[in-house]
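Multiple structures are listed underneath, in C-alpha cells.
Next come two complexes built around chain A: one with chain B, the other with chain C.
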Partner chain A sequence: MDELMEILKGARPDVDFENEEALIDDGILVSFDIIYIVNAINEAFDIEVNVSQLKPENFNSAKAMWEMIQNMQE
Partner chain B sequence: MVYSFSFLLFVTVLFFAYYFIFRNHQWIVLLIGSLAFYLYTDLRFSVFLVVTTVMTFFGAIKLEQLADFQKSSIKENKEKWTKEEKKAFKATVSKKKRLLLTLIAIVAFGMLMVFKCKKFLPFSWLILPLGMSFYTFQSIGYLIDVYRGDVKSERNFLHYALFVSYFPQIIQGPINRFDKLHHQFFERHDFDFAQIRSGLWLFLWGLFKKLVIADRLALFVNMVTEHTDAPAGSIVVTAIFLFNIELYADFSGGIDMVRGISEIFGITLAENFKRPFFATTIGEYWHRWHISLSNWIRDYVFYPIALSKRYASFSSKLSKRNTHFGKTVPAGMVSVFTFLLIGLWHEFSIAYIAYGLWHGFVMASAQIFEPFFSFLNRCFSLNRESYAMKLFGRARTWIIISIGEMFTITGSFSGFLRLVYQIFHNFNWYRIVTDIEMYSLTYKDFFVVGIGVIIWYVVSVRQEEGMQIREHIAAQPWLFRYLLTAGVIMITLIFGVYGSSYNAADFIYGGF
Partner chain C sequence: MNEYNVLDFLESSAAKYPDRVAFKDKDESINYKDLLLRSQKISFVIRKNAHMEPFEKNRPVAVFIDRNIRSLQLFLSVVYSGNFYVPIDPTLPVERMQAMLDTLQPVCCISATKRKLPIEAESFDSLLEQAEQIDESYCESVKRIREFAIDTDPVYAIFTSGTTGIPKSVIVSHRSVIDLVHRFAESFPFPDQPVMANQAPFDFDVSVKDIYNSLNLGGTVVIVPKSYFVMPAALFPYLQENKVNVLIWAVSALRIVQNFKLFDACVPDSISLVMFSGEIMPVKCLNYLMDYWKEATFVNLYGPTEITCNCSSYIIKDRLEDTDSIPIGKSFANTEMFLIDPDTMKRIRKAGEKGEICVKGSCLALGYYRNPEQTDKAFVQDPEVTAYKDLMYRTGDIGYCDESGNFYYAGRKDHQIKHMGHRIEMGEIETVVNAIDEIKMACAVYKEEKEMICLFYSADSECDDIIIKQIRKFLPAYMLPNKFIYMHELPMNAHAKIDRKKLAEQEIF
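And then the complex of A and B:
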C-alpha cells in the first residue's frame, strides 16, 4: 500500500488520497493522471491493467486501486 | 420527417402499438418503427446502415468464437503444451482477432470517411446518410467491447439491428454503449404515466431551446458569418458569442428531444451534456460537452494508445529526467491526436483540423504548464476555489471555445481569416448599437432570446446545485404543473422561429 501511495502522491501531490472516495466521480483525477498512475502501477507491481479495468469503481479511491492490484496479483 | 407533424403522428402510432396492442412484443414495435423511420427518411443511403449492421454483427460473433476457441484449446492442452507453445498459440489467435477487428473498422470508417471527405472528391453533392457518424461509432464501440471481452456478442440479428438503428438516437446521437442500452429494449415496459409525462417535459424543454433560442439566433449568426459585405468586428464578436449559445441550444435541445421521446418508451439514452459553460477549464468542458463522443474517443482511442508498451516506455524514460514531463508530455501528444480525430469526426476539412488541433494544444498545454500556472496563483495569492476565480475560469473557457468555433463557423479556413481581419482591423464597437438590427433580428428578438437564456440559466444553476428539475415539478400541485406545461407550449408556439425558408428540423449536429 505504501508503494501505491507513493505513486499516487507522485502523480498528484495536491490530493488527499487517504480520505478521497470519489476520485473519478468528482473529477479529481483526470485522464492524464490515470494514465500516469496505471503505467506506474504496471511497472511497480508487474501487472498489466487493461483498458476494460479503467472503471470508476477501480479508481475512485486508493483502497479500490489497492484491491484491484491485489486481485490481479493473485 | 424529423420533428415534423408526420413525425409526431408516427410517434403517436408507435406509442399506442407499444403500450396497448403489442405489449408482449415491444421491441419488435421499436424495430419496425426504427426501420420505417430510416427507410422513409433516407431510403437511398440505408444500404450503409445495413452493411455496417451486418458487418459488425457477424464480426462480433466471429471475435467471440475466436476468443472461446483460444480459451478451450488452452484448457484442453493444459498438460500437453509447453509455456512457449501456449504463448505462440495465444499470439496467433490474438493476431487473427486483431486483424478481423481492424478490417471491419477500416471498412466502416472508410465508408464514413468517403462522406466526410466529399469536399475533396468528385461527388461533393453527396449528403451524409442520416446518423452515419453516430451508428458507425456506436457499432464499432460494440465490436471493440466484444473484442475486449467486456460484453457478450448478440446472437439475434434483429435484436442487434434495433440497437444500431433505434430511431431517436439515429437523428443526432448520443452514441450509446451496448451494455447500457441493449438490455433495455427487451425488458417489459408498462404504461407509466409519470415516466411518459417526464419524457414529454424533456421533449418540450428541448423544443423550447431549439425553436425559441437556437433557431432565432441562427438567423443572426448565419447572416453575419455569411455576409460578404464585411460586418464590423464588434458585430462579428457578438455573432461568435451568440453562436456558442446557438450551438449549445441547438445540440442540447435536440438531445433533450431525443432523450425525451426515448423516455416515453421507457428507454433511457446516454447523457450528452452537463452544463458545459459552467466548466472552469477546457478539460472539464470536454467532460460536460458531447460526453458520448468524448467518452468514446477516450475509451477506444486515448486509453489504448496511452496504455501501450511504446507509450509506457517513452513516458518512463521522460519521467526519469522529470516526473511532471514524463506524465504530461506523452499524454499531451496523444491528446492532440485524439482531438484531431474529434475535429475530423465533424468533417474532413482544414477548418475542422484546425478546430481539433486548437482544442488538443490547449488541453495539452494546460497540463504541461500546470506547475507554472500554480506558481502564478501562489505569487498572486489566488484561490482557485474562490467564486471570482471560478468566474474567471468560466470566462476563459468560453473564450477558448469561441476561438475554436471561429475556425468552423463560416465553414472554411479563409472565412476564419476574414473574421479575424474584421475583428482586428475594423472593430468599430459603436456599430453593435447602430448595425445590430441589420442582420435579421430586431431588438424584440434579442429581448426574447435574452428572456429564454435567463430561464435556461436559472434552470441550469439549480441543476448544478443538484436539483432534479422534472422530479421537482412532478412534486408540485397539479394546477401548477399544467399551467407550467401550458406556458412552455404557448411560449414555444408564439416565440418559436418558423417559416417556409427556414427548416426547423435541421439540427447542426444532424449534419455531422
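And then the complex of A and C:
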C-alpha cells in the first residue's frame, strides 16, 4: 500500500489520497493522472491493467485501487 | 458560398434536413428544425432580459458550459441575439472566473450547467421556459438583427493562458469561422452524413470545428461525456453505438486510445476520418490507430486559437517509421503561412532553415478582447508591406520547411508549453507563485520526456502546501505542477536571470 501511495502522491501532490473516496466520480483525477497511475502500477506491481478494468469503482479511492492490484496479483 | 454569418450554415441545413439530429449528448438530442426555432426564440429572450437597445450588437455573453447540447443551443442563441458567446468552464477557481468576467464585462451570464455557480447566471431551463411563451414578434427581431450584421462581427471569444497571470481572450469573427469551414469542406473527405464525436471541451477552439463543420455538412455532433476519457472502458462502445464516423480530437485524447489499448475491447468500425491537433502526434500512436482503422484518412492539423483553429494540414498517406516526424503540412487555401527571423523580421525562404511561423488571411482573430497591448504584440504589420495596412499573426512557434514546401513544427521561442492538451504559459504559473509572501523566487520548467511541470522555488523553508493552495485558488487544475522542488537558492545565469537551462537539465526523481 505504501508503494501505491507513493505513486499516487507522485501523480497528484495536491490530492488527499488517504481520505478521498470519489476520485473519479467527483472529477478529481483527470485522464492524464490515470495514464500516469496505470503505467506506474503496471510497472511497480508487474501487472497489466486492461481496458475493462478502467471503471470508476476500481479507481475511486486508493483502497479500491489497492484491492484491484491485489486481486490481479493472486 | 457567400455566407456572411455562421447561422447561414444552420439555416441551410435546417431547410435541407429538418428532421436530422444536429446535436446529441448522453441524455437528449435535438434536430435541425427545433434547433433553429429554439435558438431564435431564446435569442429574443436574451436581448430582452439584457435590456439591449435595438441598435446594440456585438456584446459579450458569458455562457457557463457543460458537456451537453444545452451549451451548444445557448451558443447559437447568443449568435442569433447579435452578440458573441464566451464559454466559461464552471469548474475553474472562482478567482479565475471573476478575472475573466472582469475582462469581459458581459452583457449577461447564462448557464447550460446544473452545477452550482458562484456567479449569478440565468439557467437554460428558465430561458427555455420564457422562450416558449413569446409570440411571433421574435421573428421580426431576428430578421432585423441579421440585417445589420456583417462578417467581421465577432462570433465567439475563447480564453487562453497569458504570461502576466491575466487570461487573454481571443476574439474571432464570423468571417474567420466561415473561411475555416469552407477550407475543411474542400480539403478533407468528409462522409456524406458526418457523425462527429465531440471530445474537446467547448472552451477550447478544437470544438469550433465540430460545431460549424457539422452544421455546414448537415451532420450530427455527438458529445462524449468527459468521464469516458478518464475511465475509457465505455468510450469505444459509445462511438460504436452512435455510428460515429469523424473524429476531430486533440492528440492527447488519441493517446489515451493507444495508452489503454482501447482496440483490445472494441473497434468502432464506421470511423472514416481522423483529424488531430494540439500537440506533436507520436508516430507510435498514429501507427497504432492506422493498424485498426485501415480505411480511414488521417490528418495532422496545425494552428493556434488566434488564427481560428487551424491554418495548415497534412494528410498522412502511409505508415511512418517511429523516427519520422509528421509535417504540419501546407497552409489552407486563402491562408498564407511563412517563416520570419524574429531578430531581423526578414522572411526565411530557404528549406531547412528555422524561423518563427507567421500567418496571414481571413483566419486571423480580431485580437485579444480589451487587451490592445497584447494584441499589438502578436498581430503585427507584415514587415514586407509598407504601403498599406496588412496584419500577420506571430505564432511564437518555431518551424522550418522542407524542399517540397511542407512545414514542420520545431518548438517554441518562449516558455509556452502544451501539457495534457492544454496551452500553458510558464509565466502564468510563476506570476501566481511569486505573489506568495514566503516565496523568494520561482521558476516553472517543463520536462518534456516525463511530461511533467516542475516548479523550482526558493524560500526560507520548504512550503509546497502553501504553493499548492495558492495555485488551486487562482489557476485551472491542469496548471498545477507535478513536482515541487525546494532550493535554498535558484541558479542564476550571466544576465542575472534564473538559469532555466540549468534547471531544465536537472534530474528529477
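As a convention for this text, the second predicted complex is superposed on the first by the 74 of 74 C-alpha atoms of A that agree within 3 Å, B and C clash if a C-alpha of one lies under 4 Å from a C-alpha of the other, contacts with A are read in each partner's own complex, and residues count from 1 in each chain.
Heads up, the rule we're going with is that a contact is a pair of C-beta atoms (placed from the backbone, for glycine too) under 8 Å apart; a residue touches a chain by one contact, two chains touch by 3 or more.
Keep in mind that what you see is a predicted model, and the values were worked out from it rather than measured.
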First, second, both or neither for A:I41, with chain B first and chain C second: neither
Chain B versus chain C as contact partner of A:P56, first or second or both or neither: second
Chain B versus chain C as contact partner of A:P13, first or second or both or neither: second
Partner chain in contact with A:G27 - chain B first, chain C second, else both or neither: both
Superposed model, chain A: greater residue contact from chain B or chain C: C
First (chain B), second (chain C), both or neither touched by A:L4: neither
Which of chain B and chain C A:M65 touches, first, second, both or neither: neither
Residues of chain A at both interfaces, chain B in one complex, chain C in the other: 10-11, 27, 30-32, 35, 38-39, 50-52, 54
Touch list for chain C against partner chain A, complex: 91, 226-227, 229-233, 252-253, 255-256, 259-262, 264-265, 420, 451, 464, 468, 471-472, 477-478, 480, 482-484
Residues of chain A touching chain B in the complex: 10-11, 27, 30-33, 35-36, 38-39, 42-43, 49-52, 54
Contacting residues of chain A [partner chain C, same complex]: 10-14, 24, 27, 29-32, 34-35, 38-39, 50-56, 59
Touch list for chain B against partner chain A, complex: 148-150, 283-284, 287, 298-299, 302-304, 306-307, 311-312, 315-316, 323, 326-328, 331-332, 335, 367
